[in-house]
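Lettered A, B, C and D in written order, each chain numbered from 1.
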C-alpha cells in the first residue's frame, strides 16, 4: 500500500524517475466519503488508485460511534432494549429479537409460542424491508434510479404494518424480554396476507427491471468475487456467504424463535460475485414471504408474554446468542454479574465484519466497482460503528 | 458564399492566431498553453475558410481542436503542474534560436521585396462547392499510393505505441 | 418594411446564403430563445416523465402540475452564490462553462428546421457540426482540471476518453448517411445539411429506411454514440453521481453550473437534430411523397401548386396539436378546486389555454401553416429522441468505464465500419 | 453462587467490580441513576439458576492431554461450552482448534474488564465450526499491560475485531499486522470500555483541538 515513489523523497528528480512518473502516472489517493452519495452514510474509504484501478483501500469508520456497549453497562436490561434498534436501524426488529432472546436465554425463560410466531412474522417482514432498501440503494449506486422508488413504495406497506402493530415505523422496539408487549391488532393477519399477495408480483417486477438487464449483469457479474473459503476466513456471513456457495443460515443451523416449524429453503449462489448476491437476496425475499405466510396461517392462540419478574436480575454467567439478521450473523454476548445491569454486552455486528472484506473484494477492480461492492455488502453504518 | 468584410476577418483571425501562438510558448502552465493552442488552431480554421477551403477548415476543427488537443490536455492533466512550473521553461539553445529567427527574417524580407512572385500564382480558382469533392478525388485517385502509405505509417505508429505502453499484451 | 419581410419570405435561401445580416441575426436570436425555452421545457418534461415512470408525481407545487417549475429552478440557480474554489485556476474555471455553451449553441447555425429555416447552409455543414460539437469536450476537460479536485479530474478524464472514442463511431455512421446522398438521380453527394434532407426528398425515403436494414443500423450506431457524446445515462460516467459525486462540475455552483446544465441539454437537442436531419428526413412530414387526390381550397397566398388531400390533412396536424393541448389546459381549469386561493392558478391556466388555442388558430392560416409545418415536424422528431433520452435514464443502470470503452471500440466502431462498407457496396451494386 | 457459576473464571466475586464504574459518574448523570445501590455483595439467593457443568468431549480430552494444566477450565453453561486457557498456550489451542478441529469461523473476539482481579482482562474468542455446527468460546486472562496473541494468522476476521478490542480496552495483540484504533480517532486518549472509564468521560483535549468546542458533553 505504501507508495515507493513517495517515500523516495522528491528532492532530486532524476530522469529515470521523471520518466517513471510520467508513463505510469502517479498513484492517486482518492478520499471517498464520509460525505459521498454512495458510501451509505458516513463510511470513509481511502482509495489508492492507478488510473481507475484500485490498488488498495482503507476504511475509516467510527463517525457514528455512540458507544452502545458502554451505554448498555449503565442501563438495566429492559432499558437497553430500545437502544439495540438504533444499531441496524434498517432492520431494527431483528436487532430487538436477538437481544430479547439472548436475555431470555440468560434468564433461562422462553417466550410463549404465540409470541414466537409474532416475532417470526415481524422479523421476516423486517428482512424483506431491509432487502428492499438494499435493492433500491444498490441499484441506485449502479446507476439505475427507478428500482429505488419501486422498493420504497413496497417497503412502505411493511412499515404501515409495523406502525399499526406498535406505533413506530423504523425503530420499532416491537419485542420485550419474555415475549411481546402488544397483542396483534384486529386484522393483523389479514393485513399480512394482503401484503404477501401484494408484494409477490412486485418482486417479479424488480427482477424484470434488473435480472436480465444487460448492463446490470455486466456491471455485477464477476465483480467483488469472494470464494466460500475466503468468506469463512473473513467471517463474512449472511447473504454474502450464501452467494459464495456456503449453505449456512442460522435459522436452520441453530434454529431460534419458531423457525424450526417452517418450511423454507436457503438460497445459495455459485460464483460469489455481486450478481449472485443480488440473486440470493431476491430469492431470500421470496423465502421470507413463504415463512410469513406459513406463520400467519399457523399462528397459535395463547399468551404473548412469559412470566418475567418485574426487575430482571439474571444469574451470574455469560451467554452468546446470535440470530440470522438480514445482513448476517448478529450476536449478543452478555455477561451478567447478577445485578439489574448487564456487566458487559458485546454486539457482534454483521456489517462491521462484512465490511472488512471490502479490501479483498475491490483490489484490482475499478472505482465504479467499489461503489457496487459497498452496495452489495449491504452495510449499515449505525451497526458498523455502533 | 458571399464574402463579407474579408480584410477585417483576415486581420482579426491572423492577430488572434499570432497572439495565442505567442501565449502558447510563453505560458508557464502547460494547460494554459494548450488552451492558447486551441485558439490558434481555431483561428487557423477560420483562415482556411476564408481561403475557400471549407473541408480543410472542418477537418482542422474536428481533428486538431477536437481530437488532438483533447489528447494533449488528457496527458497534461496527468502531469503534475506544480513540478512543471518549477522547471526552467526555455532551454539554453539561444544560438540556434537566433539563427532560426534570422533565417525567418530573411525569408520575410525576401517575400516582401519580391512580392507575390515568390509563390506560384494560382491560376484557377476552384469553385467552393467542389472543394470537398476535389480533395476526395485527389486523395483517393491521383495520390492514392502516398495516402495509403501515410495511413500505413500511422498504423505502425499505433502498434508501436500499444507495444510500448502495454507491458503484457 | 412589409415588402422587405414578404420579399425575404418568398425567397428560397437561408439568410446566411443570401448574405442577409438582419435576418441572420433574427434567426440566431430566435434559435437562441427557442433552444433556451426548449431546455426549460425539457427539464420540466424530464422531471415529470421520469417521475411518472417511477410512480411518483414530480413537481406539482409551482403552477399547475409544476408548469412553472423551470422558472423557479432557473431563478434559484441565478440567485445562488457563485463559488470559485480557492485553489482553482480562475481563468480556466471561468472559461470552461462558456466554452461548453458556445460549442453547444454554435451547432445550431447549420441545423435546417425547414428548407429555408436555417441560419445558413454550409457546404460542409455536417462536418462543421461534428467539429463544433466535439469542441464541447474541451470545456469539460478544462472544467475538470481547473477545479483542482480529484473527482472533477477523474470525471473529465473519463469524459475525454469517452468522447474521443465515441466520436469515431459517430463519424462513421454519419459518413454512411452522407454516402447515401450520392445515390440519387443527380449522383453527387453533399455534406450540406439542407442538401442531405433534399437528397432524402429526391430519393423518396428517409435514410433510416434506405437499403433496409443498413440505414437503421447506422441510425442505431449514431443513436448510441450520441447518448455517449452527451454524457447521458447509461453513459453518464463523467458525472456519475454515485461514484464521482457530480463529475466534472462538482465544484461549480449557481450560474456557472446552470451553464453546464444548459449546455448538456442543448447538446442533446443538437445531436438529436443531427440524427433527425440525417436519417429521419429532417423537416419532411411522414410519407412525404404521398399527396393524395388534389383538392381545391381557398388559398390567398401565391401558393400555386395543387394541394393534395393528404398534404392538407398533414398540414393541419400542428394546429390540431395545439388545440388538443388547449383542451387539456381548459379541462384542467374546469377541474381546479373551487378555492379562493386557487384563483390565480386558475386564471393562469385558463390564459394558457387561450394562448394555446390562439396559436392553434394562427397555425390554421395557410401561409403560416405552410411555413410552420416544417418546423413542427422537425421538432416532433427531435422530441422523440428527447423522450428516448429520458426513457434511457429511467431504465438503465450505468455502464462501467471499461465496459463503455469495450462497447465503443469493439462493438460500435466495427458496426459503424461495417455499415459504411456495406452501404458503399450495396450502393454500387444496386 | 457466583463462585459456582463462574468457577475459577472469576476468582473474586465480581460484584464489586461494577461499583467503580457506576458509582462515581452516576451522581453526574441523572438518567443513569439506576441506583447502583452498593450491590448487595451476597447475590440474591432466590432462584437456583442453571449451573455450569463440566464440558466432556473427545476434543476437550485431547486438548487437556496435550496442554495439561494449560486448559484451566472447560465447562458448559446453558448449553454453551467454553474453556479458559492459560495465556501461554492460548495461541496453540486456537491453532489446534482451527487446524485440527475444523473451527474455521471466528465469530467474534472481544474482552471483558474485571478491575478487581489480579488479571483484570478476559479475552474471549467465539469460534464456530461449519462442519460440526458447534459454537464454543475460548477465554484467556490477562494482567494489565499484558498482550494477547493475535489470531490474525488463523482467521483474517480477527484483524478488525482485535483492533476494536484494542480501541476499547487497550489490550495489545502480539503479531497483529496493523494494530491501530478503529472506531475512535487515532490520537484519542482513553479506553472507553474499561470499567474505570466513566460513561460521560471524554478526551476533552482531543475535542477541543479537533472540533474547536469547549466540551463534547
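In this text, a contact is a pair of C-beta atoms (placed from the backbone, for glycine too) under 8 Å apart; a residue touches a chain by one contact, two chains touch by 3 or more.
Please read all numbers here as calculations on a predicted model, not as lab measurements.
The interface with the largest number of contacting C-beta pairs joins chains A-D.
A simple rule picks the central chain: find each chain's mean C-alpha point, then take the one closest to the mean of all protein C-alpha atoms, which gives A.
Chain C has its Cα centroid 32 Å from the Cα centroid of chain B. Distance between chain centres (mean CA atoms), chain C to chain D: 67 Å. Per-chain Cα centroids separate chain B from chain D by 74 Å.
We define each chain's centre as the mean of its Cα atoms; on that basis chain A and chain D are separated by 25 Å.
Within chain D, contacts with two or more other chains are made by no residue at all.
Shared interface positions of chain B, defined as residues touching 2 or more other chains, are 78.
By the touch criterion stated above, chain A contacts chain D in their complex at residues 61-62, 65, 67, 69-71, 73-76, 79, 105-106, 108, 232-235, 246, 248, 253-254, 313, 315-320, 322, 329, 331, 333, 335, 337-341, 343-344, 346, 348, 352-353, 355-356, 385-386.
Those residues of chain B that touch chain C in the shared complex are 1-2, 4, 29, 31-32, 35, 38, 54-55, 57-59, 61-62, 65-67, 69-71, 73-74, 77-78, 128-129, 131-133.
The part of chain D that touches chain A in the complex is made up of residues 1-2, 5-6, 10, 14-15, 17-18, 21-22, 26, 32, 34, 36, 39, 43-44, 47, 49-50, 52, 77-78, 80, 82, 104-108, 110, 112-113, 124, 126, 130, 133, 135, 137, 155-157, 159-161, 164, 168, 182-185, 192-193, 195, 197, 199.
Taken in their complex, chain C has these residues touching chain A: 50, 53-56, 150-151, 154, 158, 233-234, 236-237, 240-245, 393-403. Residues 17-19, 21, 89, 91-92, 95, 122-124, 127-128, 130-132, 134-135, 137-138, 141-142, 144-146, 153, 156-157, 160-161, 163-164, 167, 171, 188, 191 of chain C are the ones that touch chain B when the two sit in their complex.
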